[in-house]
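As structure tokens, the structure follows; a few thoughts come after it.
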Amino acid sequence: MIDEIVRRQIEDLHTRYIRAIDDDRLEHWPALFTEQCVYKIMTRENYDRGLPLAVMDCRSRGMLEDRVTGLRKINVFEPQRYLHQICGLSIDGIEDGAVRCRSNYLVVRTMAEGAMSIFSAGIYLDRIVLEPSGPRFEERIVIADSRRIDTLLVIPL
Amino acid sequence: MRQYTPGSRTPGDTIVGMKEPLLEWPAVGVTRSPYRVMSDPEIYAQEQQRIFRGPTWNYLCLEAEIPHPGTFRTAFIGETPVIVTRDKEGGIHAMVNRCAHKGAMLCVDPCGKRDTLVCPYHGWAYDLQGKLRGVPFQHGVAGKGGMPDGFDLTQHNLERVHVQSFYGLIFGTFSTTAEPLQTYLGPAMIDHISRVFHKPIEVLGYHHQVLHNNWKLYMENSRDPYHATILHTFYATFKLNRLTMDGGILVDHDGWHSINYSKGATLREGGGEYESGIRSVVEDVGLADPSLIHRKQEFDDGITVAIQSLFPSCVNQQIYNTLALRNVVPQGPLQCELHWTFFGYRDDTPELREMRLKQSNLIGPAGYVSIDDGVIGEYVQRGIAGTGIDASAVMEMGGHEVASTPGSRATEATLRGFWTGYRALMGL
Amino acid sequence: MRQYTPGSRTPGDTIVGMKEPLLEWPAVGVTRSPYRVMSDPEIYAQEQQRIFRGPTWNYLCLEAEIPHPGTFRTAFIGETPVIVTRDKEGGIHAMVNRCAHKGAMLCVDPCGKRDTLVCPYHGWAYDLQGKLRGVPFQHGVAGKGGMPDGFDLTQHNLERVHVQSFYGLIFGTFSTTAEPLQTYLGPAMIDHISRVFHKPIEVLGYHHQVLHNNWKLYMENSRDPYHATILHTFYATFKLNRLTMDGGILVDHDGWHSINYSKGATLREGGGEYESGIRSVVEDVGLADPSLIHRKQEFDDGITVAIQSLFPSCVNQQIYNTLALRNVVPQGPLQCELHWTFFGYRDDTPELREMRLKQSNLIGPAGYVSIDDGVIGEYVQRGIAGTGIDASAVMEMGGHEVASTPGSRATEATLRGFWTGYRALMGL
Amino acid sequence: MIDEIVRRQIEDLHTRYIRAIDDDRLEHWPALFTEQCVYKIMTRENYDRGLPLAVMDCRSRGMLEDRVTGLRKINVFEPQRYLHQICGLSIDGIEDGAVRCRSNYLVVRTMAEGAMSIFSAGIYLDRIVLEPSGPRFEERIVIADSRRIDTLLVIPL
Amino acid sequence: MRQYTPGSRTPGDTIVGMKEPLLEWPAVGVTRSPYRVMSDPEIYAQEQQRIFRGPTWNYLCLEAEIPHPGTFRTAFIGETPVIVTRDKEGGIHAMVNRCAHKGAMLCVDPCGKRDTLVCPYHGWAYDLQGKLRGVPFQHGVAGKGGMPDGFDLTQHNLERVHVQSFYGLIFGTFSTTAEPLQTYLGPAMIDHISRVFHKPIEVLGYHHQVLHNNWKLYMENSRDPYHATILHTFYATFKLNRLTMDGGILVDHDGWHSINYSKGATLREGGGEYESGIRSVVEDVGLADPSLIHRKQEFDDGITVAIQSLFPSCVNQQIYNTLALRNVVPQGPLQCELHWTFFGYRDDTPELREMRLKQSNLIGPAGYVSIDDGVIGEYVQRGIAGTGIDASAVMEMGGHEVASTPGSRATEATLRGFWTGYRALMGL
Amino acid sequence: MIDEIVRRQIEDLHTRYIRAIDDDRLEHWPALFTEQCVYKIMTRENYDRGLPLAVMDCRSRGMLEDRVTGLRKINVFEPQRYLHQICGLSIDGIEDGAVRCRSNYLVVRTMAEGAMSIFSAGIYLDRIVLEPSGPRFEERIVIADSRRIDTLLVIPL
């Protein structure tokens, strides 16, 4: 039975995560993960069929940093923001030192000229380690309900 | 901004009371294409009839996706929903996903296994070749009702799509007068398909990407060597692909199809515009985890990037060790959906498989290279809104001809080739 | 995928510069209907003019919904918004919900009570018969401005809809040449309406359901005896309705209207295809709470399920003890909205009322029986996308005629009847 | 004044509820209700006008089980998933042994081919009993803001 | 209900195979306007060609928004995206936001600062006057490929928009035959512009509001004195604006443009309909914080509310101390977007600036006065759905003429003026 | 470090806020603010560019009450409801007696005839004072991601 203090710490980690993305402070996003982390965005279609292809497939904090570099300096895309809604956090156990938990997410994307849309909805499957400096994501698997991506995906979910 | 209705105009619209001519093509020919073809609903409806239901071969799916008797997969030819099946004897068939009774879609699932295709509406049952086998209450109930005498099941099969499979790629056509598939493709295209599909492949996953632009804008993009190293900053910056590598373009069948390839090991430092400060080379940027772009030389021809674009709507890509087929499904004049099928070989080592998956960060809706293509077509669609009647795109790079140039990619011959095929089929 | 704009084409579009003919109907007649009528915007616009503004009687609402002087309800005839009112003397009137000045919608609320209808835009005030009664600043201010001499209020009433009420059902028409309502309905339809509405009813609630298909696909479905016991597995599995019960179909007015009924107590075990393993009978399935399908025999004719379909867009249903009117509002060629009005009788016992409400799980957007109809029309709409110009639905069950068959429901005569009416009005 | 332990228990019940639905483990859904339960989906239109008609109207756990049977074995519909967002749980009092509470919900529906839409938004009005085995719904009235249902409703909200 | 696709029909559609006539205008003239012009896609496409690309001057932006060399702002003329730039020498230029190569939008950002305009697709570079300055790989790579000899950069500039700036307002036209801007505006319009823009202004913010109605319904609304004090209950109730104040309307250029003004200090108690219980005066209602409507008399002409409406799509408003420009961008026949630019003067005192901001609660998408206009056009659009072919709006208030009436606002002359301009340009 | 009691109080204030709006009990909405309060709705576009224009700009509780008067008695608009989703509350410090916090919001608007849409998504930037009678908003700045308002805005966000 995980106590409430840990739960609050994990909720705060989730809040820092959505802040970093929704405020466009993505440079702070990789630090929420451990050095040897996994961050994947998968569609429900591939995930359920056991197909390994991911939409975004990062296997180190460096690859997260490179995603920020790509977004800041490399790729061409229309200016856009995300707004997260998350709920239903459950803490589902401890596994070799990491807390397994999951939650529901919804991302509304807003384009510069004002168009809003439900860009993605699905679940977060997390492994979180409680370091002295606070909790970090050792693994976050994002499973998007829809197999479709509208236009492109450049900001992490 | 998702505004037009696929299916709201059947080709018939444009036959009955059709406006002739739909437009005047610029006299200079295929170095121009009028922007109207990217937005006019009338022209779009004609394309469904003349291109997708015309004498073209359309990529449907891979044999690897219907490996066993009874397995099926759904696909589209233009807007028309199609089912591809493998019958008990292993034969491959395709038919329109529309019941012959009152038109209900027969298969909603994208793939699966079935003995027969049963319509949910009134239970008409078809075999895996699309032949009508059963009609509930055909003989009525207690001798009353049912189908009239002389009702002939054989007259109510599913609409047939002619299929040919080549190296495991299944193509289909509605036309009984289409050339044989291999003639349609041509020798250069055949060579390249055999190069990639010479041994059993394995599907590693799918992407589905909605693009807010006319389907042709994507097909132009796929065969445009000019944009590759300029729009795609990642290519030029990290030297995955530059025009200052050995490479070229090959066209076939009057340019309807094309291949654009380059050899990463042959990069000449300097030369080209890359050092003259065009935005496609970003200074002072590196990868924190460069393992992303470690590659294995899989093909002995030294080609590291090759994009093959088959008329009308299929792309066969190799970018480093990522292999994928892309198929464009039109969804009205202003939208299309891009279906990616990512694959490797069945005999891949675990290391090579991992390399492909790590490199999958280069492609797809979130790929370092292909992200840019997700929006550039929409930028064009928005740029051409409200254009005057005569506004046209300009394609003079590499001259006015449509021909292969094995030594050069500073050309738009591949685009002129696309419009050559388009005009021939559309009668424009 | 919700793509066309109701109202974006007024019927006028198709009069000025109209393409003739809109299509060629198949020579064999009403055993076929071309799929194009389900998607062509031009044909859709014509329907607004020729069917909904033509000599048809359109269900508007129930008298029980406007019980008192001054009460009103809004409705639609095709795409046209309508207001139905009860005036001070208890008279019933209907008019277009569009101000005669500059076209603003007068009533936004679906129902309510008003002394006068005042337009929000410039305050023109109409009485409950739609007559213009007041124009703010008609005489200007301090002798300046205002309406010119000779401005005649009587020339600016709301556009009138002719109404007739029958057993508490209010119908309206735009046409001055329409037959009288009872002639339009015909004797069999009249009998059935009187059967259900013979005593005061009480509205128990509404459902509103958006269907992504042409309005006619729903109307066909509503009068199709063939699909009922096949698509609706619940019917056949739990024996609420099978073709092996006594039942039949009745048509009226050349088949424009129809009734499809069955008598639950007369089920013959065996016979028909139900035991031959068609998907409509699910084995080994039961209800944990069978009280759902306990029924009370309300009508002494033994009919337990009866669906009456009135041309063009109204359905009067009895399924066990559920009573409801359904009205289809077209919203473009590819969408319609189904409005359900669920009712009982004012003298229902509490037990019977509870039974109706419990059985309401059978109908509506989440009904065990009607869920299937929510999607089947969309399956057809998607199935027919991109069809060739000549593709048509086939309706030969029960032969080629349009006639009542009291003893049999293995027929599509009711559908042939719908198309008989459609062709007559559309001139196709 | 209900204490935080009870609140957490109720939050967990809500989380198990959305998991059962969003994960398509509907067989676990009826057990979240008492044997003699009420589960209704009503539109705001009917609810506010005092009209008794519901979109879904279950008056026993058996009727919930039958809804799962219908969905699994009987009805024809396009494959689809829900993703819930819930928030604003308030505990509004005790009423003959049951806790009255309410919350806001939002359901995003995703179809097999990828189309996402706001399928329903509204409130949950609950009566929850605290059994030794944990809390269960004695009554859940779902009040949907919209009077419209798109296509059909087969998965409970 | 967001259903039509901007850009899905280029004007060309309606030239090739155009239906003539699009409609018959009612014989009585501009006291009527047929509702079809508010919804017909064909007419909408014609407007793009004949009005927005025709001999009209279209408001683009303020000089204050591009203060420095290299600053730019994007705008729209009808559906056509436009860039407005200030060059190194301070000159102002406008061009279509569409690359001359293959049509990509050049500037996605609404404003910014640039030395050159570089296309993301293939890197074509334009100077701030829209002249093509660079084409990557124009000369190929290593002597291969590139543009053909005789490729002439000067033939591939961005499509030019002719601009004229007047008191800091920048207007543009596609037409080479348009009258000079000041002739187009006329003396009364010029006076009013100079009245408001006589000293340096400062932009305080923007609003963007999507309206679900045809763009013309908003332009009619903006120049309609009749609705102002009836629809806008806030005006009449709190006596900001009533027809029983001194005020009038001025028209120019045959009524294409108009001004509707009133002087708050001149209110005559009694008179008009305000005491006779029309809904526009709410009894027993007050403001808990009346500081909202404290005003400062800024202009010595005593005018407290003035709405200037310039054909085709610009509004210049003063409501108390709120100053704003409104520009309507058509987005299909059934939708438009209203862009508000709220401003003050650079020399405003802090108190006056605060007063403007507090009064901003009166205008914009949430303004006590303008909220009503956000929906009233949609009410009209919904009210006219499914109308018969001859249905028309009626505009007889103030007679049948188009003329200024300095003493009276109980008139629709301003609307008749709008339709005078519309008919002249549309040839209807 | 703010303790959990205060956090719960603030969460309850947020819940009362969305209840007052979503239940159309707007007459209870002004009382959630202090007498001298600030309530502004700004678009991200104006906010980020330092432009002072707001969509709604109230500088006293009286102005909030006047907004309710306008909605009830003055303005013409199509009947509509809001449904809020909020998440990610963070308490970011104390500033002259007031607690600074923020959260994410999403508002789904439903029209009388049933049309649902994402009407607004963005963040709440709050200053909350803890009065003996409970916490109140001294300042709430709503920053909407989209620069567009669909049709009109008459109900506060």
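Order of writing sets the labels: A, B, C, D, E and F. Residues in every chain begin at 1.
By definition in this document, contacts are C-beta pairs under 8 Å (C-beta built on N, C-alpha and C of every residue); 3 or more make two chains touch, one makes a residue touch a chain.
Please read these numbers as outputs of a predicted model, since none were measured by experiment.
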item: Neighbouring chains shared between chain A and chain E, ordered by label; value: B, F
item: Required minimum of steps from chain C to chain D, each step between chains that touch; value: 1
item: Chain whose mean Cα position lies farthest from chain F; value: B
item: Relative to chain A, chain with the most remote C-alpha centre; value: C
item: Rounded Å distance, chain A centre to chain D centre (Cα mean); value: 27
item: Chain centre separation (chain E, chain F; CA means) in Å; value: 32
item: In chain A, residues with contacts to at least two other chains; value: 76, 78, 85, 87, 106, 112-115, 118, 147-148
item: Junction residues of chain E - those touching two or more other chains; value: 1, 3-4, 108, 120, 208, 210, 231, 332, 372, 376
item: Interchain pairs in contact, sorted by label; value: A-B, A-D, A-E, A-F, B-C, B-D, B-E, C-D, C-E, C-F, D-F, E-F
item: Contact footprint of chain E on chain C as seen in their complex; value: 2-13, 15-17, 48-49, 52-53, 77-81, 96-106, 108, 118, 120-123, 136-137, 140-142, 144-148, 151, 156, 159, 174, 332
item: Residues on chain E engaged by chain C in the complex (per definition of touch); value: 1, 3-4, 19-24, 34-36, 39-42, 220, 226-227, 230-231, 243-244, 271-273, 278-280, 332-334, 372, 376, 379-391, 393-400, 405, 407-411
item: Interfacial residue positions of chain F with respect to chain D in the complex; value: 8, 12, 14-15, 18-19, 22, 81, 83-87, 106, 108, 110, 112-118
item: Touching residues (chain side chain A, partner chain B) in the complex; value: 41, 43, 45-46, 51-63, 65-66, 69-70, 73-78, 115, 147-154
item: Complex interface listing, chain D residues touching chain F; value: 4, 44, 85, 87-90, 104, 106, 118, 121-123, 145-148
